[in-house]
Every structure is written in structure tokens, then in C-alpha cells.
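Multiple structures are listed underneath, in C-alpha cells.
Two complexes, one shared chain (chain A), two partners (chain B, chain C).
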Partner chain A sequence: MLRAAAGAAGLLLLALEPGLAQEVMAEAPPYGDFPLVGARGAVWIAAQVHLMFAAFVLGVPMFAVVVEAIGIFGGDDRYDKLAKEFTRLLVVAYSATAIWGAILVFVLATLYPRFWAYLTTIFAPSMWVYAGLFFLESFTLYLYYYGWDRWKKGFSKQVHLGLGVALNVWGTIVMFIANSWLTFMMSPPGDLAADTAPQTVRLWSAIANATWMPINIHRLIANVVFGGAVVGAYAAYRFLASRTDEERAHYDWMGYVGNFIAIGALIVLPFAGYWLGREIYEFNQQMGITMMGGFMSWLWIIQAFLIGVLFLTGNYYLWVGMGRIPGAERFMPYIKWMLLVLVIGTIVWATPHTMIANRQEIAAMGGTHHPFLGVLGVMSAKNTAVNLMILTTFLSFLLYRRANKQPVVSWAKAGTMMQGAAFVLSAGIVLFYGIYGYFVTAIVRIGFSVYQVLAVLVCIFFVIGLDVFMMRGATSRGAIRWGQMPARSQYALFILAVTFTWLMGLMGFARSGIRQHWHVFEVIRDTSPQAFTPALGPAATMISICVLIFFALVGFIFWLGGLAEKPAASPVGVSASSEMDLRAGAEPAHYVRPEE
Partner chain B sequence: MSRESSYLRHPFWQALAVLVGSYLLFKFGIGYLLPAIGVHSAPVPSSVLLQYMLTVVVALLLYVSTSEDRWTRFKEPLRQVLVDPDKRVLRVALLVALPLLVGFLTYGRVRADVGAPPSLRSIHPAPPNQITFRGEPISLTGLENPLREHGSFEEHLAAGSTVYVQNCMPCHGDRLDGEGPATHALNPVPANFTDNGTISQLTESYVFWRIAKGGPGLPVEGAPWNSAMPAWEDLLTADEIWAVTLFIYERSGSTPRTWEESNEGEGH
Partner chain C sequence: MLRTNLTILLIVIGTLAVYTGVANMIPQVASEVPEETTIGADVTPDELAAIGEELYVGAGGCTACHGLGTRAPDLVGVSGTTCATRREGVGCKEYLYESLTEPGVFVIDGFQPIMPDMRRILSEAQIWALVAFLQNQGGEITVTAADIPPEGAGGAAAAAGGTGGTGGATSPGIDTAVTDPVELLRASTCLACHQLGEEGVALGPSFDEMAGRQEAEYIRRSILLPNADTAGGFEAVAGTMPMNFGDQLSAAQLEAIVRFLAGDR
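For the complex of A and B:
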């Protein structure tokens, strides 16, 4: 162990000298050992927890700066306070990200010294840039947060907003750089071979590998989803611990915004995931089969079930929230039908193609494919189910948004009918291609999912666009009674955050695991005793340990968040609506005292 | 309002009715009712049934708790059973019966069984990029069936038919549906080529690899290696394997999966 550490320390310094790196690589022990969980377990935990914190600190600034901009340009101070509260959580979480990043580097360097030397030889310049940007990002964050109350008027406020934008730019570049290292391991350049000297690998060809950009985009969106969910959980925690009605109203609204951000971004996430999956297939079809049809295929069933939980919980939160909106009663009868679509969608999506069955059951089915339910196990059914679930969730948002509004434009009835027609048409297209997919070849069927996605996206944009115009000058049926939410709705926000975190760990395992026994796929072989791919049970245990560590630390951060300052009390009794409210999809201006 | 009508309108009894109805639908509707009306079906495996019922239970709980009034009414019968003095007998009966039921179900799941335990077996393990066929390396990536480009299609089909009848039919059946005379002696059962979840999902090079290497040539993730499929490269020529591949696609009405266009020349 000590030998490995000493060798690794030398490697850290010498890896940048190509000639020396070669010598050290030859001399360094290939692998170290770690007590209890082993080398791979240690790297797994460090990487996963680091990634969870990193996702949070990259996701939150994205919407914090948007919320701040809404506050500035909409002239509404409550958004500014909300954005600051989001950012307050970042400061401590940022330290945790850096600490876990350092742990990851140390365990990699000491436990996988030879491979670490290989990576640093190829990526050294990008690591220098990474460190520089990390430094820049840290100080931009400190300026952004600690300068909030100082630069709050006129031009200085816009400069402050510029700091928020810069924070996002640095963070995004940092993530892109780190993504290049891990995607290189998954999909190295085609001309790389086992005997290629790392010094001869061109840095840009290593960075711009086949899965780099799909991962970048997927993670960018997923970070917003994750950040929104964790912020929602924070708001739920503060809501449940609130002592005053004002506090409760504020954190109810904050929880709503967190959920809105998480579910809103989740709606587009499957499309980015689909692109990533397609790129993996194009890079290496065998790798794609391992992921979707091979031993990783059961992860997708678990994923489907968890995403079903997310959709059900996200919608549930909105439906319960309708209880505090005057006028929402007229939409309540639709809830059971929307729930029915979500339940059928979850069941279809989570129906495995190859079923776990005992000998008698297999004999009755004539194999591991069910003669009737087997049709639900293929991608045509799954794509149809998820697209209809997305449409249903969007409908929930629309009804929630409209609950207390009464449109005054003369064409309101026609507009609503057009929106209804858009939903029907979109669902019809999704169903048509879902069914037609059974009658064409796989390569044609894959293309159908693009049409299904487009039908849903066009419907969403069309309906939102129409709604914005239709609700101009709309009269209110009554103010939202923020704070009047049952406690169980807040537990829904906790479930969302935990499920997102678990899902992230699960799919991270799938992404990393499809390399199987390779450090760099089909180039550098993992020759350690732990080169095998763990079964689902041990993998789930490891992921759960990471989730527990993350939430234990996040719980501490939440507590610190309450300790740092008193919660920003929100204006009470204001009922004006604004254009910005429409953009945010919420009506935070309608705070009223709960007893009203 | 009659007593029956008030039960029908009560959220607790409605939820219970939906739960029972769903169970009957999944357990008997799919397994027995569909075959009775001529739809090809079979009983739902218990793992999938559990998954479906769990989804229904969660959905019902979500629904009854979306409105405060419905949630309060839903809890009424539960509260009455747990608290009301006149429900004492029922309460005691349930407190005895429920643990017994749970214990009985637990016993049913953990008791020793003579049957083989269910195993997660990868039906379509990822193929290697390259194999050796009788000592000669063959790259599978981007590989197409050469017989589709050369010679007479009808002759290849006839040759494939002969190979199939002589070698494959005992297990995969004369209708290619995996129902040959030897099928029921095998576990896992032979593939049903008429099922759109089998060869339709695969490239012909994949099928060539599986025929050539059989059960013994399954990769690590294909474990447990208990497939009875022989390694046919010892008995058939490459052309015979390509011919029988052509035959099973043609006769089962399946279309082989094609390669992604940009796959060739990229990656590893």
C-alpha cells in the first residue's frame, strides 16, 4: 500500500515528462489495495459521491441565475431572495465537491497508479486547465454569493448577474473537461491500440471522442434536474421545520419551484439519453447490445420503475398542490384518468422482455418471453409509454397553471380546443408509430422514436405558446394559499430527490460497467482481481451506500443552511400577477396568509 | 342512500375493489381468459405479477391522498377497526390473521424447493468483434450474409432447408417455433424464431456466431452456460451456416437487423 502511494506520488510529478512517465509506468505496481471495500469499491464511492455533489453545484447555478434574472427584469424582489437562498446551499456543497474530488484523485493515484499515469500522460494539459478553471469558479462563486447584498442596484446588479453567468460558464467547461477523461475510457479514438504510447495520443482526439458531447449534454440537463430535486428536498425540510406561516408559505413556494425545475428538465432528459444511447451503438454495436440487451438490460427495468416513481411522485405533488388553488376543483375529476395513463405507462415500461420465472412458469410461457406481455418488452412499447407519460405530466402542469385563472380573450374557447387537439394529435402520432414499429425492421423502428419525440416536443411548445397569449390579462379566481400543503406532499419532494440520486448512481454504474473488464475499452485491460462486473445485488448495495453518504452530508448542509441566516420572509398578501410569473410557470405573487 | 351504494362511493372500498379487480385481471384475465377467447397467452410469472400489483397499490395510495377529504374518508374504516370499541373482535381477528398471512407468504417464498431457482440469464449476450472459425479469424462487425450477394437465392434456401431439417429441427421444431420433439427436455428452451424478440432483433453475423460457437462459446455474461446448443463449426461449413441462417429468417418471415451506417470503420 505504502509502495503504491509512494509510486503514485512520483507519478503525479513525473507523468508530465513523457520519457520518465514511460519508465515510471513500467516500474509502478499496477494496483494498490484498500481495506474493507477494495480498490474498486473505494474509487466507486469516491467517484459517485463526488459526482453527486458536482451535479448539485453545477445544476443549481444554472437556475439560480435564471431566477435572479427574472427578479431583475420582472422587478420582483422575491425571486432575487429565492436565487440567493439557492446559492447559499452552494457554498458549503462546493467545499464538499472539492473534498470528494481530492479523495477521488488520491484513491485513483494510489490504487490504480499505472493506469493513472497513463491517463495523466494523455490528459495533462487539460488537467492544468481544469485546475485553473476550478480556481476561477471557486472565487466567482464566493464573489457571487458574498457580493449579493452589496451589488443589488442598477449597473452593479447586472454585473452581479454577469458573475452568475460566468460561474455557469466556468462550471460547464470544468464538467466538459472531466467528462472527456471518462468518455475517453468508454469510447477511445479509433486509431488507439494497446501498444500506442500515451505520449503520441493527440489531446484533442482523446477529448473529442464519440460519447463526449452526448454525455456533456445529458449531464448538463441532468444536473438541472438533480439540482432542482435537491433544492425541492431542502425546501420540504424547511417547510416541515417552519414555525411561522410566512416561513411555511415561502418554503412551499420554493418547493414548488424546485419540483417545477426538476420535472420540467426531466421531460427533455430522455431525449438526451436517447442520443447518448444511439452514439454508444454507433461507436460499438456490441457495447450497445451489452447495455440494452445483455447483462445490463435488467438495469433498464429498474430504471423504468424508478422513473415511473418520479413521474407518479412529481404529478402527485402537483395534484395535492391543486388543493390550495381556488378554482382547481374543476380539474380534479381528470386526475384519476391522468393517473391511469401514468400507471399503464409505468407497467408497460417496466415489463421485462425476458422475465424472471421458475421452471414451471417458463414451461407455461414456452420460454422466458411471455406470449402476450412479450410485446410490451420491446422498444416500440417503451417509447410509446414514456412519451405518453411525458404528455400527461405536461398536462398536469398546464392544469395546475391554469387552475385559478379565467382567460378574458375572446378566442379562449377556441384556443383551449386547439390545445386539446394538439394533445390528441400528439398522442395519436406517438401511438401510431408505437404500433407501426412492430411491423418494420429494427433500423427503421429506431428512427420512429425521433418522430414520437418530435410530436411531443411540438405539442409542448405549441400549447405553452398559445397559453401565454391566452392567459394575458386573465382574471384570478382567487390567490394561491401558499403554505397550506399537507405534510405528505413534502415527503413526495424527499422521494423525488432520493429517487433521482439513486437513479443517477444506477445509470452511472451502467455507463461505466459497459466497459466490462477494460480500463480503456478494448485498449487497456483491467488486470486487477476486481476486473469482473458485479452482479445487480452488490452493485445496488454500493449505489445505496453512496446515496446514504450523500444524503447524510446533504442533511448536514441543509441544517447549516438554516443556521447561516434566518429564512428570507416573503411578502404576504400580494396578489398581482406578472409576465415573469407566467414564464416561471408559477404564481409566487399570490402569497396570502393561510388563515385567509 | 342504500348501504351497498354508500360502500360503492366510499374511497376505501373503491380502492379495495380496484386492487382485487387488478389482481384478478393480471392473474386470471391474462393467464386464462385470453387463451379462452383464442388469444395466445400464458400465466404471468409471479415476479412480474408482484411488480404490477406494487404499481397498482402505490397508484391507489396516491389517488386517495390527493384530496384531503378523500384521504380522511379513506382512513375512516382503518381507524374504526383500530379504535372503535365495538370492533374489538374484528380487530383481534385481524391482528392474528394478518401476521399469520404474512408468515405464510414468507414461508412460501423461503421454503426449500426442488425446482431450479430462477436465474437472470442474458438471452442476447454481446458478441465479440472477431471470432475464429476453424482456425480462421472472422470479423463480425459489419459482417453481412455473403449468400445474399452471391449465387442463386433459391439454391441457398434449399441448402439451408436441408441443413435445418437434418440438424436443427429436433430442437427448434418444424415450424421454427422452438417446439421440436426434444424441446421439453431442455432448459433453457430452444429459441422460437417466429417470436419477433429473437432473430428479428439480431444481425445475421450474430446468428452465425451463435450457430458456430453454440452454448460452449457463450461469453461471460451468457452464464450460466447451460445451453444445449452444440458448437456447429465442428460439423458444418461456413456456407452451410450462412445457408441455414438465410433459411430461418426467410421461413419465419423475419428480417435481420442491419448495421448502423456509420458503424463501419469506427470504434473497436
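For the complex of A and C:
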């Protein structure tokens, strides 16, 4: 792994000497060729697979260190073991990240030499810092993982936790630096022209471009979502391969935690997406319109379909999981209604509206919009649908969390009624602004989405806050029977992981594709034979190839990891309660044998 | 375990197949690279209009807004009939050319000033072809080959190709002899969005209220980097101010405007 990291970094450094870059710019042919998939296909695959591994190794440390902290401050050793298992996956996935990073540098330098030289001339110093931090991150990870059992007690454990925090800090800076390169291509500084000599471009103005910070935040959250989903799939595989009840219970719990992290962070992700979209529009209206209403308009229908699958599958996993929780039976009648809301929400969200239509199509529809679907396809309907889906998913989590709990506080009934009222009020506000949006101008309507989002967020925080107090000292209706999950629930975790990964590829295509035939938007034109931006079909095929490569490698890597260390199953029969329970206050993990 | 592995493999491939299949079933729209248009001296009006139509539905990206009814005016079938009367004293051909190259000068009531300067995307010849196409929508084509400047006279597409490293358009400058700030504000089309006395449109902050309230530094930054700050109450039009004034004005002209707006009148 070290060799791979050193190789990648070495190549980076070699390619970045500005003087050399200038010579390359002057003499190198603009483009190289690659067999079978062409130059762009090669870069696409290398960048996408690298990004998938990078997202995993950046996302997992974020929740690994939180889980470790819960173990330390909650005094519960199970969380410590879980955090270590998360980190073990990191160690094996890290080398793949470095290898694909090196491949990406190779293909860029050999297939796009002139543009690569242009980029390196501008960003050389930041690339040096990147390489240095990459080493720092690698060694911090080794210390963090291999020092786990050595620095286990007292102050040394806290130092170990500090290593985990440092690992996240290095990783985040590395990601921010890499993001500056790609966002520069998307939204270069306004004073940059085609004839601007790259050595005269100020580094900070190139880094701090219009979409840099929105992409940073969006990716930070998306990495957590992605990491949680892949960890969930890993746990599902181990669950299905388990030979003992203890192992099955452990991986059932791990899968639940992975799903909780993925879906929990997914709920926040659209808000970061709104910000990014807004910044794209502010940077260049035409780019924003190309993205949302131009040749990419169908992409958002596919995205809505995928997110619908995520919500439905995530909720399905929870609903199946309620089968192993004593007391959950009382909530089962509500499931069909929640399913109905999710299905209707998905249908509305996936309704096309602003599409590029030719004159014949417009004539056939009787206007630029479909007479019926056009009403559902507008943002008012879509925002209403997605906010109600988020509320419903949150309700699923709440019911799951409360399934086997019996509150003992005197105000429990009033508290539950207040929570119910919060849901009704929030849904009412979302619906009100959804309907009102049809009667106002577009610019006013856009502002309504903020009120809808706020109504949902306030409801989530209010209900959770109240629930934490209400469930203090709550008695149990029975221990969760971890491990007693049907296999189909675990397959749902695989669908989640594949869907998240595919969605990531799709969003990557959207972000990169809106530059259209420009390497650097409206500054450096792509004159290669593959300068056109493909339609969604060929793009989807490419994304699927990347996802297949990623999961094939992940499967192999995790299998290797499994050879190296036997998983540490947590003790069976533990029923201690923890106030700092990771599962947002759900009854703590009770590893109960099936016969219990 | 073999059965479990096969089931997982089937689920992964099946899920990917569904997504790939759905994406391949929907209408396929690619974004093609704008082709360099070679227009000879003997080009006929109809040929120009045909080239313009291709650009309108393709490389120009016009259909992203026009024809959808909400973002920008419908043009197909009507633009040739309305172009001569949109602006008093401005002929059809001149109006359409101005709309494509200086879209901020005149914005039709009820629409936002979101139209980009097409010189950043298309060559001069292509822009004239678009004008011919738009005139042909219910009107008479008056564009001729004589309107089209010789090849290499400028424009993004003219500069494209071969180098892999160039392509952006350079914004046309304002006559450097002009130093009067009010004249500069007019020439730079600032009054298309800002009010100055009786002149201009109140889309952005009024120049009259700016004097003595904003520091020169702030005004300078707002001209060169319009997205750096957004004046309170104008969030809805944030991001619409062109970012090419730094290219259009000389340093002396910029400073003349800054001093004027900061209150040194």
C-alpha cells in the first residue's frame, strides 16, 4: 500500500514542476488515445472508481471516530469494537484508493497532456500540499488502526481518539484541495480568459471559486451517506455468511448502524444540494438552466427514481427490522400508510416537467407542458413530495426507536400528543406552501421551499429532543432479538449500497457534464473527438461499469480483510442501557440468542 | 454460501440493469459540440436561416429557455413579426443582433435578465445566422453575407479547435477615449439594470442612492466581481450582472465610474 501511495504521490510531484509543464504545453499533442473506451472513457472510469474509494475512506473515519467516542464516554466496549471494525475496512480500502489515484494521474498526464500541464501550472503548490497531506493521512490511519489495542486505556485512549480526529482533519483538507481542481474547471474565476497565461492566475482565486465550498459541504455529507451504505452492505454480507448466532447478531447490529448513518445523512443531503444548485445558477444562469432544464433535464427524473428507491428500501429495512423488536406489533398498521405516502411521493417527484421538446412533441401535448403531468411536475409539487417523504422516513425511525420502550415519565401521553401535533403541523405547513406555490410567481415560489424545509427540520429536532427526555428511564417491553432478521432484509442493504453508488456516479456525471464541451467552462475548450457530452443512456452504461468495478474490488478487498482478522462478535445477552446510544436513543443493542 | 453469493451477484447486477435500462429507455439528448460554421460570400438568406435553425435547436442552447413559456419569450413563429417594434428607432436586424450580443440593453417586461452574451458561445457568423433564422419567424430576412465579418474576426467558435487550449471570447471593449462616467455607464449598458436620474431600469440597486453610501472599494469590487456581494433586497437578481466589465473598461474608465458612483460628482 505504501508503495502505491508513494507511486501516486511521486508521479504527481514529477508532473507538477511548472517549468516542465510549460514545455509540455507548448510541445505535447493535445490529446492521447486509449483503446476500446477512448481517452474520455478511460479518465471517466479512473476518476469515478477513484472517487468511490475516496468517498469511502473519507466517509467511514467520520463515523468511526464518533462511534469510538460513544464507546469511550458511554463506557460501552461494543462501540469500541464496532469502530475498530469500521477502521479495519478502511485500511484495506485505502490502498485501492491510492492505486486508482495513481491510475487517474497516469491517464490524465498521458491522454490529456496539454490540459494537464495547464492545470498543474495553476495548481502546482496545492498539489504539493495534497501529496504531503496524503502521506500524513496514511500514517495517521496506520497509527490509528494498529495502535487500537495498544492505546486502549486512560489517557492513551483519548490520544488514540485524537488520532481519529486528526485522520478526519487531514482527509477533509485533502478532499477540499482536490475539489478545488474540479470546481475550477466548472466555475473558473470571472476574470479568467482563454488567453490568460496560467502562471499569472492567482492560486487562491482559482481555489476559492464559486462552487468550491458548496461542493465541499455536499461531498462531506455524501461521503458519510456512502460510507454508511457500503458498511451496511459489508455487514449484510457477513450476516449472511455467519455461522454462529453471536456473529449474526453482531453483523445485524452493524448493518443497522450502517443503514441508520446512510439514511440519517441522506436526509440532510438535499439541503446541501439546494445550496450547490443555487451557487451554480448564481455563477452562470445558462449553466444552471442547462443542468435543470436543458439536455440534462431527464437526469433529474432518474435521480428522483433512485432516491425513491433509497427511501423505500431504507424504510423497508426498518419495517422488517421491527419484526425482531417486542412491542413493535402496535405500530405495524401504520406501515401501509407510510408506504402509500412514500410511493405517491416518489411518483410525484419523478414526474417530468420542463423537458426539451421539439415542435411535433409540443403540438402533440397541446403546449409546452403536459396538461395533467405538467401540474405535478412543478417544483411546488416536487418539494412537497420530498419533504413529506423525509417526514415519513423520520416517523419510521421514531417508531422503530420507540418500539420496545415504555415511557415512565408522568407527561408521556402529553409528550406523545405534542410529537403527533408537531408532525401534523409540519406536514400542514409543507402542504400549505406546496399548494400556495401554484398561485404566486416563480421567484416567490422558490422562497417557499425554505419554509417547507424549515418546517421539516424544526419538527425533526423538536420531536427527537422531546423523545430523549421522554424516554429517560423507560422500561423495556423486551430485548431486541438481534440476528433474527430474514435474509431479504440484508439483500435490501445491498440494493441500498448499489443505489447510493450509482446515484453518486449519476451526480458526478451531472456536475461534470454541465461544463459541456469545455475543459474549463467558457475558458478552455475541449477540442478532442469526445468533447460532446453523451446522452443519459451511454452515461448510465458507463456509470454501471464503474459501479461493477468498484463492487468487484470491494468484494475482493473485504474478503481479504476477512482473512486477516476474525471479526470480534460482541458479548451475547448484554442489555445495558446507554444514554449515548448511537441509534438516536433506540433501545441499546441487546445481543440475544434466538431461543431467548 | 455459494447460493448466497450468487443471489448477491444477481441482486447487484439486476439493480444495475434496471437503472441502466431505465436510463436508456428515456429520450436520449446529447450535448453536441458547436460546429465551426463556414459561411461563404455567396450565402443566400435561406441558407443562413437554415444554419441559424440548427444553432437554435442545437449548439446555441436557445431551446433551454425560449419556447418553454416561462423563462424567456417564445420566438418560433413570432420573432420576425415583433422584432421591428420592440425598441423604438431600432430596426429588426439591429434589435435581434443586440439581443444576442448585448442582452442586458433591453429586457422584455415580465422576464428576468438571464440571457447570456452569445459571443461567449458562438462565432460572429453563427450569431448572424441566428438573426436570419429569427427574422424568418414571420418576417423577412434582411441579413446578407455583407453583414458577416471576415473569418477570424473574433468570437469563441472562431478561436476554437486545434489548440486544445483556447476558446473563450474576448469581450469587446469600450472606446478608451470616453472618460465621462455617465457616458461610460450608458456605453457599458449599466443603465439596462440600474437607474440614474430619469434614465435606466430599476432592476438592480439605484445609482442615485449609491452616492455617499458605498465605499469606493465596495463599488470597484461590485463592478469587477459582481457576485462577491449582494445588495440587500436584490437577492432575487443576484448573479445576473455580467462579469466582463473588467475586460470592457480601461483602468482609467473603471476609476472614473467608481469615483462617480462613490459620490465624487
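The working rule: the second predicted complex is superposed on the first by the 550 of 596 C-alpha atoms of A that agree within 3 Å, B and C clash if a C-alpha of one lies under 4 Å from a C-alpha of the other, contacts with A are read in each partner's own complex, and residues count from 1 in each chain.
The rule we apply is simple: a contact is a pair of C-beta atoms (placed from the backbone, for glycine too) under 8 Å apart; a residue touches a chain by one contact, two chains touch by 3 or more.
What you see is a predicted model, and the numbers here were worked out from it, not measured in a lab.
A.B. asks: With the two complexes overlaid on their shared chain, look at chain A and say whether chain B and chain C clash or fit.
C.D. replies: clash
A.B. asks: Have a look at where A:Q286 lands relative to chain B and chain C in the superposition and call it first, second, both or neither.
C.D. replies: both
A.B. asks: Report for A:W298: first if it touches chain B alone, second if chain C alone, otherwise both or neither.
C.D. replies: Touch partners of A:W298: chain B and chain C.
A.B. asks: When the two structures are overlaid on chain A, which partner does A:N383 contact: first (chain B), second (chain C), both, or neither?
C.D. replies: A:N383: touches no partner chain.
A.B. asks: Per the contact definition in the header, classify A:S449: touching chain B only (first), chain C only (second), both, or neither.
C.D. replies: Once the two structures are laid over each other on A, A:S449 reaches no partner at all.
A.B. asks: So, A:I335: does it touch chain B (first), chain C (second), both, or neither?
C.D. replies: Touch status of A:I335: first partner only.
A.B. asks: Is A:A210 touching the first partner chain B, the second partner chain C, both, or neither of them?
C.D. replies: both
A.B. asks: Once the shared chain is lined up, is A:G374 touching chain B (first), chain C (second), both, or neither of them?
C.D. replies: first
A.B. asks: Which of the two partners, first being chain B and second being chain C, lies in contact with A:Y118: first, second, both, or neither?
C.D. replies: second
A.B. asks: Is A:R525 touching anything from chain B or chain C once the two structures are fitted on A? First, second, both or neither.
C.D. replies: It touches chain C, and chain B stays clear.
A.B. asks: For chain A, what residues appear in both contact lists, the one with chain B and the one with chain C?
C.D. replies: 190, 210, 281-286, 289-290, 293-295, 298, 305, 354-356, 358-359, 362, 367-369, 442-443, 522-523, 533, 536
A.B. asks: Which residues, counting only chain C, touch chain A once they are in their complex?
C.D. replies: 1, 4, 7-8, 11-13, 15-17, 19-20, 22-24, 26-34, 57, 61, 63-65, 67-71, 76, 112, 114, 116, 120-121, 156, 159-170, 224-227, 236, 238-240, 243-244, 246-247
A.B. asks: Which residues of chain B touch chain A in their complex?
C.D. replies: Listed in rising order, the residues of chain B that touch chain A are 30, 34, 39-48, 51-52, 55-56, 58-59, 62-63, 65-68, 71, 115-118, 120-129, 141, 178-179, 184, 187-189, 191-192, 195-198, 200-201, 203, 221, 255, 257-260, 262-263, 265-268.
A.B. asks: Tell me, which parts of chain A touch chain B in their complex?
C.D. replies: The contact residues of chain A facing chain B are 187-188, 190, 210, 281-287, 289-290, 293-295, 297-298, 305, 308-309, 312, 316, 319-320, 323, 332, 335-336, 339, 342-343, 346-347, 350-374, 377-378, 438, 441-443, 486, 488, 521-523, 533, 536.
A.B. asks: Give every residue of chain A touching chain C within the complex, in rising order.
C.D. replies: 25, 30-31, 114-115, 118, 190-191, 193-195, 210, 237, 240-241, 281-286, 289-290, 293-295, 298, 301-302, 305-306, 354-356, 358-359, 362, 367-369, 442-443, 487, 491, 494-495, 498-499, 502, 513, 516-519, 522-528, 531-537, 539-541, 543-544, 547-548, 551
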